[in-house]
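One chain, chain A, appears in both complexes that follow, with chain B as partner in the first and chain C in the second.
And then the complex of A and B:
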């Protein structure tokens, strides 16, 4: 794809991006800095004017966040987000792949439309509907007991399992769309070329389809992971007392306990954890890429070196 | 005589080869690269894309499948490549029935339309791909990749990504990627379609050279008759899923089997009329009699038929000497320059136009509006059966 060259009379890039940059600084960067500042302060009294005490800045709130039951919630949140992301990718990929490769072009938009149709109802309502389905005396529980899979009522509601389920359900379309977009951009002839050159279907999938869809998969993973890790609605509605996640914990600190500094510290820890997971995944991808490079190596240069060495000796 | 001895030896070798379940183009003496199609048929819904096509392409031959879009030439190529399964008929490679063998197990490789290079791999990684699939040991890959890239003058660009290459360069990589597999048959699906005229002519010469050097069978799909004529040993003209005629290029051009082939390969001035004298005369509605030496097939007396003469065979004369065989009077309506020749458009008295192409060095000094006689020798007119 050729990029259009910037013509002479167009404004330089920074002029055009200035509004977005200012917006972003004012509504994102400054608040984040404010949160970091708050996280170093201490909880004051209950009167509004002295709710936060800034006279003694220290890292106590971080020590609190990273120990005991609070830190356990962080770990559960990360686990829930990672499992949710992987499951959404594993379930979403085959759907996207089928729509992009096995469905006639004119039917593809129809299927994608049907996929997002349930999401026209409110996020809250859809999540709440699961309470009815998962209830101990609800339809799913009754069915499983009638069939004989369960001997007692379904006890999934108001647990971490229900939260996990809700997160997978709510973020699934976010995996299908970016992956579909990436797969759709692959020329089907590249797959045929791979088979033509002697690769079977599985080799073709691993060496051609998967690497070419990787940007879409990475985009989907990032999107789902970040949203799931900060999710507030699913644990609040489906988690009950057992299904607490960090998003909710932060809200409780700030709204119920009036401990704004601790809530701020937890928010910063969450951001740091997200960054660490993203960094780990990025390093993993780099390692895979290097391994691929080694497997794909045509050996052109190795030979050229040998030749010149021989040449110089002769 | 020699040929039959060859065939026997090849047969013996092939039997041995099948026993060891390994066939390699270089080890087979004769016909391993021969493609035989037996009544091959492929439907897309109700419409036959390929309709009972039978032909034999000899080992080492350069055969073009030529036809307008929708003629079924690409479908036929995809059937030989294994990407489509025919509903009926059989495909043989040498003596082996490959109708149901999947593409990755055929000793046939394809240069795809728009190249289909792997965008995430470098030129070198693209070219080595096929060797890796064949489990060629690592130390042997480098020299072979270098050889393949040198052959298409792309070695210096081995580390580039396809997106950093021009169309012509991508084309060369696609060729190297397919040829490194040493296929018995190379299939080419409109490989030069996306290139500009100059580059296309250059690549035609290049392809001819590669064909000579490798000595393997080339099956080449194109809708460009010039391309087909420039490179092929034989050309199969296709229409509506069927083969209209398969012949050497001179044969095809000089003795087309029907009016479709005559018109598609080169161009024709057509006349409609009634056949007389066993198909050697045609009388038009206006009563003009045209004579031709050649008729395609049996033509019944009085049947409605077409006659054709190529523009380059139509000579223009000053109108004084009117009368005689194959002489039609008219007025020069338009003169089209096309580099080394001039094309005169002459409006005949019947109201139709006839085209006459004359090399510029020989062209008469007629201007628009000049009354002329368009004429041609009896040997140049063909009368086509319907």
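And then the complex of A and C:
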């Protein structure tokens, strides 16, 4: 330390980032490891001091999570999350496409802000709203009965369908952002060139726009899937007894049944499932990218060949 | 002609989606002013449920718990997040990769996992201060958010002014406080406000780590959904929305004003 650095405030980066790093290590990494450790323990008595027993560490809780009624909830959760993700993408893609291509530049950030605003403001309120709208004696039910579509009050509330609707509604805004970001990076001239060369609108969309937007679509899918699979609020508010999802099941094990080890094991299973899905999506995106290179590269080589041939003629 | 039809169709779809997103929010706001005994059946306009809600001591207590923990969380997020964000933008090194990896996991971890982990860990290390538990558990995600916001601004600004201050002989600490921090201020405050709202709205993590007597407003709202819905719950939810909205709009305004000012400077 004899020579001081010339630039005045040159404290190295690791010193500045150390507080956050230590904070996360102590309050995030260690707790996650603690979940894994607790998942191997056993449920003890109801007294607080011996609620968890560590004298016999085994994988029993995992065996329990992966069989019977618990595993059925995992499957329902995965199905709900996948349907929710795909629907949000189908509904959100045209919106992202419209904002990116058919709206004036000046208005694009305004529209995007309006889209994220509901997501940033009270998640509870947005979920709660559907309890009013879908109530058997609520506004939608009354309207549908007056019009004659329904002959009896609406019975969606407290079912799987209500949870599915809530998940689509709540996470829909998240589908727009990553896709918009990807579409916005595509030079409009790429599309124009494709159409000028006679590819037609549909072919241009499928062969140019969609593959170029693939990373954005995958990003949106991951974001929504992870949040939907770990959701607690939607099933708790809209699902009633029928619409149980794994997030709620885990919370019940820990907060109501006092079975912390089983809840911890379920949480680890959930993380593992999410990790596997993330890996699959990532590999898919890589495959799309590789396929695009394969489609585009021959053209590049042909161009070069033409150029070199011309060069040799000259 | 066909292009125009397609474009019109897309815009109509976009309007439908915006309607779908916003109508439920308006429904709650409207029904919170429903004077009828049954929340779902509109009777007459009245602010009676707001009076009922504000006279409920549990609501007021929960509001204070939420505000206090959100504030402590925001302070922690601002301190740790600002330093980390500056380091990520200006002082990259061998530490960056492991740090960014940890930050990625913090940002993507399901709230459920953070909640359970914090619950187990706090009980294990004997951390029993209710508001502190909520603030610390919330701060994990919010530090990352502040770091991202500050990094974005630091990268946008460049380092020339700070270097000029150093060249003109400003001592390191003074250059940092007087130049770096001042230029970062809009981003830091906006990041802190975002951290406040994320904490203020959080349900899942709070539900796990809370202690008896320190229940946050969202957890109170959630538990009152279960015991039956009355207009006062709608009123509380709408008031919480008002608070979040005010904080978010000021954060956005600050960021905008900040970038406009530097835009004129350069």
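A few remarks follow.
We take it that the second predicted complex is superposed on the first by the 246 of 314 C-alpha atoms of A that agree within 3 Å, B and C clash if a C-alpha of one lies under 4 Å from a C-alpha of the other, contacts with A are read in each partner's own complex, and residues count from 1 in each chain.
Basically, a contact is a pair of C-beta atoms (placed from the backbone, for glycine too) under 8 Å apart; a residue touches a chain by one contact, two chains touch by 3 or more.
Keep in mind the model is a prediction, meaning the values are calculated, not measured.
Once chain A of one complex is fitted onto chain A of the other, the partner contacts of A:86 are absent, as it touches neither chain B nor chain C.
By the touch criterion stated above, A:187 is placed in contact with chain B alone, chain C being left untouched.
Once the two complexes are laid over each other on the shared chain, residue contacts for A:173 go to chain C alone; chain B is not touched. Between chain B and chain C, it is C that contacts the larger number of residues in chain A.
By the touch criterion stated above, A:123 is placed in contact with chain C alone, chain B being left untouched. Once chain A of one complex is fitted onto chain A of the other, the partner contacts of A:195 are limited to chain B, with no touch recorded for chain C.
By the document's definition of touching, of the two partners only chain B reaches A:208; chain C does not.
Counting contacts by the rule stated earlier, no residue of chain A appears in both its interface with chain B and its interface with chain C. Of all residues in chain C, those touching chain A in their complex are 6-7, 10-11, 13-14, 17-18, 20-22, 24-25, 27-28, 31, 38-42, 76, 79-81, 83-84, 86-88, 90-96, 99, 102-103, 105-106, 108-114, 116-121, 124, 136-137, 139-140, 143, 147, 162-163, 165-166, 170-173, 175-176, 180, 197, 201, 203-204, 207-208, 218, 221-222, 225, 229, 233-234, 237-238, 240-241, 244-245, 248, 252. Remark: chain B residues 81, 83, 102-105, 109-110, 112-114, 116-122, 124-125, 127-130, 132-134, 138-139, 141-143, 145-146, 149, 155, 158, 163, 177-178, 181 touch chain A in the complex.
Here chain A touches chain B in the complex through residues 1, 187, 189-190, 192-200, 203, 207-208, 211-212, 295-304, going by the rule given at the top. Within the complex, the chain A residues that touch chain C are 7-17, 19-21, 23-25, 27-32, 34-35, 38, 91-92, 94-95, 97-99, 102, 111, 113-115, 117-118, 120-126, 128-133, 135, 137-139, 169, 172-173, 201, 226-227, 229-230, 232-233, 236-237, 247, 250-251, 254-255, 260, 263-264, 267, 270-271, 274.
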